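One structure below.
Note that the chains take the letters A, B, C and D in the order they are written out, and that residue 1 is the start of every chain.
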Amino acid sequence: MTSNPLLQQPFSGIVPPMVTPLLDDNTIDKVGLERLIEHLIQGGVHGIFVLGTTGEAPSLPYSLRRELVKLTCEQVDGRIPIMVGVTDSSPAESLRLAEFSTEIGASAAVAAPPYYFGLDQSELVEYYLSLAERLPLPLYLYNMPSHTKIAISIGAVETLSKHPNIIGLKDSSGNAVYFNGILHAMKEDPSFSLLVGPEEMMASSVLMGGHGGVNGGANLFPMLYVELYQAAVDRNHGKVMRLQRKVMEISKRLYGVGKTGSSYLQGLKAGLRVLGICNDHLSSPLRGFEDPEKTQIKEHLRHLQ
Amino acid sequence: MTSNPLLQQPFSGIVPPMVTPLLDDNTIDKVGLERLIEHLIQGGVHGIFVLGTTGEAPSLPYSLRRELVKLTCEQVDGRIPIMVGVTDSSPAESLRLAEFSTEIGASAAVAAPPYYFGLDQSELVEYYLSLAERLPLPLYLYNMPSHTKIAISIGAVETLSKHPNIIGLKDSSGNAVYFNGILHAMKEDPSFSLLVGPEEMMASSVLMGGHGGVNGGANLFPMLYVELYQAAVDRNHGKVMRLQRKVMEISKRLYGVGKTGSSYLQGLKAGLRVLGICNDHLSSPLRGFEDPEKTQIKEHLRHLQ
Amino acid sequence: MTSNPLLQQPFSGIVPPMVTPLLDDNTIDKVGLERLIEHLIQGGVHGIFVLGTTGEAPSLPYSLRRELVKLTCEQVDGRIPIMVGVTDSSPAESLRLAEFSTEIGASAAVAAPPYYFGLDQSELVEYYLSLAERLPLPLYLYNMPSHTKIAISIGAVETLSKHPNIIGLKDSSGNAVYFNGILHAMKEDPSFSLLVGPEEMMASSVLMGGHGGVNGGANLFPMLYVELYQAAVDRNHGKVMRLQRKVMEISKRLYGVGKTGSSYLQGLKAGLRVLGICNDHLSSPLRGFEDPEKTQIKEHLRHLQ
Amino acid sequence: MTSNPLLQQPFSGIVPPMVTPLLDDNTIDKVGLERLIEHLIQGGVHGIFVLGTTGEAPSLPYSLRRELVKLTCEQVDGRIPIMVGVTDSSPAESLRLAEFSTEIGASAAVAAPPYYFGLDQSELVEYYLSLAERLPLPLYLYNMPSHTKIAISIGAVETLSKHPNIIGLKDSSGNAVYFNGILHAMKEDPSFSLLVGPEEMMASSVLMGGHGGVNGGANLFPMLYVELYQAAVDRNHGKVMRLQRKVMEISKRLYGVGKTGSSYLQGLKAGLRVLGICNDHLSSPLRGFEDPEKTQIKEHLRHLQ
């Protein structure tokens, strides 16, 4: 694994949590997937994260998850690293998907806590250590308390970061007290990669020492997020503030159109459809926008561009 | 399906949520499983519910879930109905397991809401209708908000109960305002089966018109729960109060020994081990009791008997 | 305090959580209050609980809370016991109101946990012990986790019940696992009074050994709740089921009309207005129904009677 | 009110949420209060916020709250503006305290949502508009969902900001997605003051356009927080990173010593005692540290200095 780009640590930059282009619940939109991957790479992203929350992984049948990993690895063909979400309620299934992903050429696994049973921190640490021990790929922790019902405590991250196979954290809590606490706790281990999920706080977290973002909007406008990230790295405040406004407009105009908790995903996929990149089907139990919302997204996109 | 005993409605009685006897995370304790099933049938239970929360279904690899259904159906051999938990974050996988269970001879499927994404009631109703439409088995709704983050509202149950393939509700919320609301809402549809999960409220819910319980303790002492159920049906108050005390002692002595949220499951499996019925391995990410807790369970069981 | 009827323990029966009749945020509807109290006493209730959640106590200025206690004590004039809610975020203010209530003739204080800071169980126990020590009145614990963010654990209730000045628990959690656990834990202390808040579970809890209810609907139809309570005490199942249906219709028709969390309170006060008992003003920050909802309540009440 | 410094908008800088020095639950530590106020003013803070969460306002009797406002105004004597927390479950009491504070010379009121009943956004907006209408002082909104059970939505803040008497927001949610959303929503109204509560995110929020912090640690080390704020305003990144480390050490060493949710408050008051500034009594229902924790705080403070 000496050539694994994720091990030139800390891995930094913009890693879009790629949406999964679908024709229906059981069929990948292959042409859309190809187009989306090229769109991301041309946008300059530093890696791709497949099968995350934005990728609707928990809704997809396993066969389709494997197919997606395979198609993505083939299309990317080593140009940038691929991180694969292996989050599952069943650790055995997480492991199985990680093994498959390794064979197929992925660079890292990303795992949120098992999300059915409520765990406590000691159970969580034991789970992650056992996973890291058996995993053939380097592992990112994935903090996502709104969906998994448990936050990975700062103390747990500190403990787990000492395992050689655990190389970073993706934090999607949105909690800046937590993320600044993590930055402080990990300051003596600068090789541990700290990425945030929500794009609204990517710039501010990079300004404070974070390493980048796993931002949904980068599916739509990869170059914008890459530039914002770079501006924050460069401490170019004027540019940060200018680009941050664009990111916030995307957040406001595209993710707030729907009435349910999946409004973000609905807006993202509808936007990709309007841009001609891929289909906007959402897998059950979620559902895509109806026509009135699609029209709104179209108008908002025109306004944004 | 004319001979499906679950369709002699409303299906009533005690249906233990069977624990899954395991040697390790990937291996069923087959001898223990056989013994457990015979123990339950000899105890007079009215059905068996496999792959529920108590069965640790979300932690088990799919191949093992299917093996468990198969072994259970073979061992039961038509003597009592088998309900199979098909709850999953992926509807396609729920359906696949239900199809397998049908071929193998199960009587009904039980599904809690998909538990990764937060759904709203309209998404939930749409999801269940689509599932019921495609499911080859009659369906029980499974209300389990502590684990799935969403309660199935009374209005949603009313709507869903009108689908011919949706035949009942297992409510594990512990919420008596909710359950009495369901009893009232469904009073004109007496064929819809209403079961409660928590054994502590089984007797009171049957006294108010409920149809029975899916009670974990029935793995240990099936006859006790069957008798308590029958006493409640018979309005034999003295007997209800006497047996209820035993059930509450089990709840207090066996489920409260551990320090984590899985104390109930740990106590249940440790108890089955002490009784010589099956192994007490808990699948990752949970873990079984250590020796000190095992000793406590042993003493408490002696005290109970 | 030898003649304190609450000390002829366990205090049992129906104790309506009296609404606070208001003309506006700062003015008691005195005529309505008089009428309401007579309506309750004629309905046969066993006590009155003022300044609870249903009494909107936390919204009322202190001067008005004291005035209400005074007017109620004068009007009741010793005919039935009066319990006074002294719940506050400030223990000193709780104590002050309890002292005032003692002088004026109240029989007991009722206190939910201080509800601004999140407490843990040991802080909670210490708080209640200190309150009981200084309180001039016997104390009911009030479990109301939806509003106070903390449940009083079964263990805490067991500990606190040993204090001679703590005489009972009003449980408004709606959680039947919890309440049956309390019934079991307190079985050796039959003088400790265990009442439930939600009327939907009053009958079932009395059937299992509970001592009565603090039920909002008893403001409207006190006799119905007294009769349902008595039927449950008498183990008269046919009557329980018949009256329970009426109670559930009230719950469904009157408390479910509004769209917000205060729909219960809005429906209750609107109903009392329709019955000609008292004004339906809700204190800020809540607000009473507008005309369309008032009309619905009127129709539903006609249907109920 | 033309000379009100809070109306030279947007009000910016460090406004410590002052702890309330207490000898016991009913007695202000007057000497400590004097010393604390002088300590803060010498540290260069831009204002003082009394009777917030850190000031334990909800635990204090009203008479003591008024006494504290009076003593603080007298001691400050117009040198810096004083903001008074008037948060209450009773709007009438909020108003009364605001009126008293006006007479005594306070500059603004700060109000979190009424925290007993669960409100929805429309009830919340109506409440704040009615408060702003009747309030004799300019009003800050105070977002504190962990304690009040409700967040003030971005849309609600937008609506409320249009009222001439509502001049800012103190956000203590810790949620950077929310705060960046607020910054974006309010970008066309640069006079609306946006402050964050948690000190861990003060610097990052000022870098993104926020106006300052209401940070507990500024009670201990006011100058540090003022310098960090200024460094962020000046875009002096090296200095920000250096001072941020100190702030994070305070957060880690002083607020994490206790085991309960009040560990932050316990550590803060214990620290002030060690520094010789004021007494460390916490008002019931909270409690101060015992000796072992006090010793730890002492050692950590030595380490910090």
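Odds and ends about this structure:
Following the convention adopted for this analysis, a contact is a pair of C-beta atoms (placed from the backbone, for glycine too) under 8 Å apart; a residue touches a chain by one contact, two chains touch by 3 or more.
These numbers come from a predicted model, not from an experiment.
Relative to chain A, the chain whose mean Cα position lies farthest away is C.
The chain pair from A-D, B-C or A-B that repeats the C-D interface, sharing more than half of its contact pairs by residue number, is A-B. If you average the CA atoms of chain A and of chain C, the two centres end up 49 Å from each other. One inter-chain figure worth recording: chain A and chain B are separated by 36 Å, centre to centre, where each centre is the mean of the chain's CA atoms.
Touching chain pairs in this entry, ordered by label, are A-B, A-D, B-C, C-D. The part of chain B that touches chain A in the complex is made up of residues 25-26, 53, 58-62, 64, 89-93, 96, 113-120, 122-124, 126-127, 130, 146-147, 149, 259-262, 283-287. Remark: chain A residues 174-181, 183-185, 187, 198, 200-201, 203-205, 207-209, 235, 237, 241, 244-245, 248-249, 251-252 touch chain D in the complex.
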